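So, here come the structures, one by one.
The following pair of complexes shares a single chain, subunit A, combined with subunit B in the former and subunit C in the latter.
Here is the complex of A and B:
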């Protein structure tokens, strides 16, 4: 009887949250699935919706432009997260040493993190400006460049330059996570290893890396999930251009639904994105479950 | 001894590089913000303005109808209203939910918690189309209300999760005792849990406000003029404007970044420990 009452209380306390989440996330998600099977248009989504079955999905997966957007997103995610992991761990190793100014430097890591994404994007857009940007001026004045370049206007460099801006903002996240993990590694482990003749390289691979691998893998998956959603920075810096070279899947869905007003096919694109994200989220769930953090 | 000197030099060199990489872009943004637009469009580019001026800040902060200052100031106002209202609504629903997850566990509730976290991580494109058509049908586009509700899809799972992990650290006897004495759960939450969890509650509020302040996607789609446009949308508009006044854009960026940066420095410790437990979104 008591446990029955407890169960009822438990669900009652959850009710406000469940109602809101079903309303703002659950129901919309189901409606997205419904839209994806129709030819709904933005102007009158319920009037013109005609059931088309899986046509939208077939068209999406055979559209070279959409597959290209998936490739851009994957490239963005792998490259930016990869760079953030490597730089983040290096910075954490540095900040794990004792030196004057360490506290200040660690506090500085908060700056890129706290900068709003849109402000970060705008800042780098100004720095990359082809005519008056600081990057061109700097590289020219120190002699690394012969003439001004249009960093974001050239399909060959645009996506990489956006990635650079993203890495600058997000490497501190990995650094702070890795640093927190490093500080739990007992110092005498290193001393013992040094006595046994293990070099710097050996100590890193055998002691440091295994010790921080858990938190680091959480950071890796978390960042990848975020990177797959990328929209803000693309919108402000390039709007998907030039020549669609920076068009990612979120931007593609945005365009399909809100510029071309095709809600049905936009929803099918969105669900393909959801499917990819779901795999990553499942990976994340597995990790936090294993580490017992929920 | 020699090896340790080399190591020291390497460390300080690394620290110098890191500090430069972090500081220089932001410093340049600040320098642009105190430069006149003619100065910034003069070649070759100079690294310090001849006559530093706070004109750009004045142009943003002194209200004038139909000017950048109008969209900027309204953007700040809208962001403040929406961020705090959405945070408040989320926290009110998150507190009992987090308590339930923490104190009254059950296998089905555990799965629900996983579902809540998964929903938090879902890309916004998964739900944005129906949200848009519903808001449009209800005539709620371009209102604060629409964004407050929609932001709950981000803030509510996040605050629930954050508070749940904090409630887990509070010993169970503390709130079981008054319940045995006849208090109900809401009283136990209000009189026992919340006073102890006040720091965590403060952290959850601040992080939720940060998340809301940073939001752009829904803001862009659900608003179309100064009545509801958030600060992030106002800045994107400024940056894409036909009249590119780089100094003015930079000043707007600096001003929009000041509140979250101060907030983040202020709660550095919480932020870092939250990051370390994997429960903070990047």
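Here is the complex of A and C:
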């Protein structure tokens, strides 16, 4: 009897949260799945929604432009998250050492993170400006360039340049998480290892990395999800150009649903992105679990 | 007793609130911050309107052109705006989705005949009028008089070939690295430049059956011309990432001899506070082609409309009538010329900008439309990508345009 009452109380206490979760993510998710099977238009979606089965998905996956957008997104996610992880860990290792001015540097680390993405994107647009940008000036003065060039107007460099801007803004998140994890590693481990003759390299691979791997995988999952749905920085910096070389899946979804008003196929594109993200997250979870067992 | 007091208080509060709402209507209006009227102009006009119409407040929001279409469409479900500025290329789509109020019956004959015919096409679709024309604008050829003189030219070019020859001479003499600058980024701005050249070379967007025709004749020649000036180093290669304001900046800092841009640039490029080439700026209609056309122009006009979901249509119409009235347009004629025919003989409008008005008389008469189709936004972005591919040298102009034509005709 008591356990029954306990269960009821527990459910009662959970109800507000369940209502909120179902209302905020459950309903929109179901509606999106529903729209993805129809030809709904943005204006009056419920009147225009004719059931079309899996046509939207078939069309998406057979469209070379959509697959190109998926490739851009994958490239963006892998490169930017990879760079953020490496730079983040290196910076964390540096800031974990004792030196004068460490507190100031640690505080400065927060700055890029505190910047809104749109501001960051505008700032990097200025830096990359082909006529008076700081990057051109710098490279010219140190002799790496003969003349000012266009960075965001050249399909060969545009996406990499956007990635650089994204890495600058987001590596501090990885660095912060790694730094927090580093501080929990017992100092005696290093002393013992040093006595046993382990070098710097060995100590990093055998002690440091395993100790911070858990928190790092959290950062990895968070950043990968974020990177896969990248939209704002692209919208501000290149709007998908030049020659659509920076068009990511989210930008594609936006255009489909809001500029061309095809909510139905837009929803199906969005679901494909969600599916890809879900696979990645499942993969990470599996890896994390496996480590926990060791 | 206590409860009664509270209830009376609440009732008075509600009455007061509704009374205030009745006296003060706030209109939400959407404008763009890019070419034509400046933000200051719009704020000043609005302040004059508010002073003349106590009880109506206007909350004017300015967004980049690139965001304008999506804002209008998305605000429909949230009934966000009472007045919106919209581009000549959208009425077909807006009419299909009933986004804008049909105001045909509100417009009297005097207004109908007083405004330029070209301007009316901005707001007209299928015989109905979806607002009032407000901005009559097209792309003009701007030139730096000193640079032309230094290269030995007395007059701006009359044909596209002459433009190319003059640019080549200016480059050869070392007067400027890249004599030509355009807004050729992956955007509607590039379509406007392309349409201008296309029309001057006798091209058509769609043939008589409404099928794409820009991949042949003048349309193909136009893109080949654009790519040719890039290959010859006459066009600033960064044009491929420029919008209108970038063009203005490059031209105003003396880094180009010629620029294609909207009319608003004339007075800004001649303003010493905004420009290093003030006083040296000439304006002419965009050139034509021997035996085909005397001048080229694209219809870049814009109109003001009332979204169908607006709750304050009468007040919104008052505001639109005020903004589009000849008095107001004549007073703010420095960055955007009036839509009224009579304005072009009003000395107050002409004074100080005679060359601008002179060029406009020629250009506004030959404005070529961009295609009228409900799926214009998508067709345009297909074409934008094709133009970029050709300009970046990855695809030949003919192949790029053929691909785009095929995609667009599949869409129809």
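We adopt the following convention: the second predicted complex is superposed on the first by the 279 of 294 C-alpha atoms of A that agree within 3 Å, B and C clash if a C-alpha of one lies under 4 Å from a C-alpha of the other, contacts with A are read in each partner's own complex, and residues count from 1 in each chain.
By our rule, a residue touches a chain if its C-beta (ideal position, glycine included) is under 8 Å from a C-beta of that chain, and two chains touch if they have at least 3 such contacts.
All figures in this text were calculated on a predicted structure; none of them were measured in a lab.
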| item | value |
| --- | --- |
| Partner chain(s) touched by A:152 [first = subunit B, second = subunit C, both, neither] | second |
| Touching partner for A:259 - first (subunit B), second (subunit C), both, neither | second |
| First (subunit B), second (subunit C), both or neither touched by A:181 | first |
| Touching partner for A:213 - first (subunit B), second (subunit C), both, neither | neither |
| Touching partner for A:58 - first (subunit B), second (subunit C), both, neither | neither |
| Subunit B versus subunit C as contact partner of A:242, first or second or both or neither | second |
| In the superposition, subunit B vs subunit C on subunit A residues touched | B |
| First, second, both or neither for A:130, with subunit B first and subunit C second | second |
| Residues on subunit A lying within both footprints (that of subunit B and that of subunit C) | 42, 131, 258 |
| Residues of subunit A touching subunit B in the complex | 6-7, 9-11, 13-14, 16-18, 20-21, 23-29, 31-32, 35, 42, 45-46, 91, 94, 97, 99, 101-102, 105, 107-119, 121-127, 129, 131-132, 134, 137, 140-141, 168, 170, 172-173, 176-177, 180-181, 215, 218-219, 222-223, 225-226, 228-229, 231-232, 235-236, 249-250, 253-254, 257-258, 263, 266-267, 269-271, 273-274, 277-278, 281, 284-285, 288, 291, 293-294 |
| Contacting residues of subunit C [partner subunit A, same complex] | 66, 69-70, 73-74, 76-77, 97-99, 185-187, 237-238, 240-241, 249-250, 255, 375, 377-378, 381, 385, 388-389, 392, 394 |
| Subunit C contact footprint on subunit A (complex, rising order) | 41-44, 130-131, 150, 152-155, 239-244, 255, 258-261 |
| Subunit B residues within the subunit A interface of the complex | 8, 11-12, 14-15, 18-19, 21-23, 25-26, 28-29, 32, 40-41, 43-45, 89, 92-94, 96-97, 99-101, 104, 106, 109-110, 112-114, 116-119, 121-134, 149-150, 152-153, 156-157, 160, 165, 185, 210, 213-214, 216-217, 220-221, 231-232, 235-236, 238-240, 246, 249-250, 253, 256-257, 260-261, 263-265, 268, 271-273, 275-279, 281-282 |
